[in-house]
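This report concerns only the one structure given below.
Chains: A, B and C, in written order; residue numbering restarts at 1 for each.
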């Protein structure tokens, strides 16, 4: 009967949607299931604020402040590089470039976005690191500075394409009105177009932040791996993602160290979830683009 | 007057400088990788297994491993993704269920890849007992790819003009028939592009397979989905961070990177070409 | 208001009221649609004529805020009765839309669509496709290129294709929603001629904003204004001696 086929098909789509929900809650559930038991050993406050991360010593120290610091330093450093390059590229593509140039440059930026993170890491380890040692005379090239550079380049395409989308949504009439009143191209960009695209551009930066702080391979290969709060930007750091990825392989299933790594993962998840939430709620309300 | 002209001149050229830096970096990057990696590429590099603790030989097992991981992960996420996209664009009714589904898709899209690895390890490797295997890795990668496929498929379906829906329903077709006979075939090129882009992403991922599938060295080719496997991205990582012979391993890492880049970039190129041709052929 | 003659009418609406949300769009509409005749629905934009048209194949169901009371009868069956199979209703009612909307498929597969979904066998399908194309005056122009894309046809040809596609289902009634408004005068004339020929085979209900067109091709006309059916009658009589002042005003172009 026709109806059976209709309902079966419809149910299949519902079930598929259900799986998506199951996966998300499965991930959240597994993180909390294995991460929360750490609370028996370490209070929440100590966990976050203790700068001493020595999970394999006896007695073990499970403070992740140095890891959080590592993540933040590297991410902020990345944004310092990526924001001007990303927004600048977006403005160039949207406002200055001719059609032919645009057709060439846009795919190039998309290309950058497609490079696997491990290859960025290889570049950082094998090329940038020795280069920095030669140029700055520092003992190691695997540090917060080099990780920031590589991470920054990785984030440029994200900021660039989202900002460019936002800029292109600004109606042509606004630019024409500004130019007709005698403004220069630069003034039109700075005073009219960019402010109109403000929410999309800022949203792209927030998204870039989320992407950078969740990145694993680049930091595990380039940031150095020392779980300490650095005193100089040329010192090695260990961001949260690097700690989890590097140490998970050597951890005994169910040990306190194991739970601690999952606890770090919870913190990571909360940070990236909050970032995404902020991006959506604050920056994509419908009225903003007018 | 003079000052504004100066501002314009500096401003526009600053932007040109910025784009120049960005493009220059890409060129430098590709130049470094390819100049150090291309000399390693030879027929034997691509078809042999590694020898002498990764200091000699080729990367064939890694190529095979990446191939299987990618194919299986897409086989897993493609039907799930398309059906979810169909739900979201054609059948969504109960507001709460739709919202939770959309929230799940968006959140999954933003989850750091290492967390997928943790989940995969706990659920597929241990709980389901698949162990460190192609299956565990493919399932983990599949979940990673799912939001990408859902988003691009939904966009593709929504891009089909409403006229087609109306015409089909007015001829007495059911919703299911309309979706299968008219909507999906029309949306296919864009769905395909999304899938291809996801393939490119999955092939380059390392973190999700760190604890679920990948190993530095396997003695033989994987014979079943339950075997551990080498993979191109993991191989690069392992060569750079494990093993004791940096002078020999670093060039191999560059060579592997070239292979991986060629795979990923040609996949992206295929997607762009398909999208371009389909847009040109489009008549509505 | 006009009461239909039920004995000669197999298709009609009976006191139909329709709301989109809070907007009362159709008010107590009683429309008879006489067999093998052309009935035109005319009126200023927003009067509800397209909405009324779409009552006959329940396409208004697609709008979630739509609420309807009253009966729409198709051969003694009220198509809005509970448990009615909507898809079956739609195979008996053909619809052609304002802008031609062929599927991105071949000409053959466009016509055959309604048959394919019902699982008809190939020989019968081929037969019906040819007949439909002949009835729509399109066969000679496309018989050598049935496998080509429907988009290779001109606008007027595409609209005739859509007519053929609807005819392939062998419907009891053909609903035309301003079918020529997107076409050039030559294609329009051809389709108007086609309607005069088709009415011998199938009942036609046509919505048009072009009074002259209604005058040219319809046997009966219904004038709608602000959701009410103000006047209904034989076209020639109504156009020469309208009974309602509003009808007269509209026919004289006082408002559009």
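What to note about this one:
The definition used in the following text is that a contact is a pair of C-beta atoms (placed from the backbone, for glycine too) under 8 Å apart; a residue touches a chain by one contact, two chains touch by 3 or more.
These figures come from a predicted structure and were not determined experimentally.
Looking at which two chains touch through the most C-beta pairs, you get A-B.
With centres computed from Cα atoms alone, the innermost chain of the structure is B. Chain geometry summary: the mean Cα position of chain A and that of chain C are 56 Å apart. Put simply, the C-alpha centre of chain B and that of chain C have 49 angstrom between them.
A separation of 17 Å divides the Cα centre of chain A from that of chain B.
Multi-chain contact residues, meaning those touching two or more other chains, occur in chain A at positions 2. In chain B, the residues that reach two or more other chains under the touch definition are 174. The residues of chain C that reach two or more other chains are 87, listed in rising order. Those residues of chain C that touch chain B in the shared complex are 57, 59, 62, 87-95, 97, 99, 101-104, 113-114, 116-118, 149, 151, 162, 165-166, 169. For chain B in complex with chain A, the touching residues are 4-5, 7-8, 11-12, 14-16, 18-19, 21-23, 25-26, 29, 32-33, 36, 79-81, 83-84, 86-88, 90-91, 97, 100-101, 103-119, 121-123, 126, 143, 146, 150, 174-176, 179, 200-201, 203-207, 210-211, 233-234, 236-237, 240-241, 250, 253-254, 257, 260-261, 264-265, 268, 272. Chain A makes touch with chain B in their complex at residues 2, 5-6, 9-10, 12-17, 19-21, 23-27, 30-31, 34, 84-85, 88-89, 91-93, 95-97, 105, 107-112, 114-119, 121-123, 125-127, 153, 156, 160, 184-187, 189-190, 210, 213-217, 220-221, 241, 244-245, 248-249, 253, 261-262, 265, 268-269, 272-273, 275-276, 280.
Within the complex, the chain B residues that touch chain C are 161, 163-164, 166-174, 177, 181-182, 185-186, 283-284.
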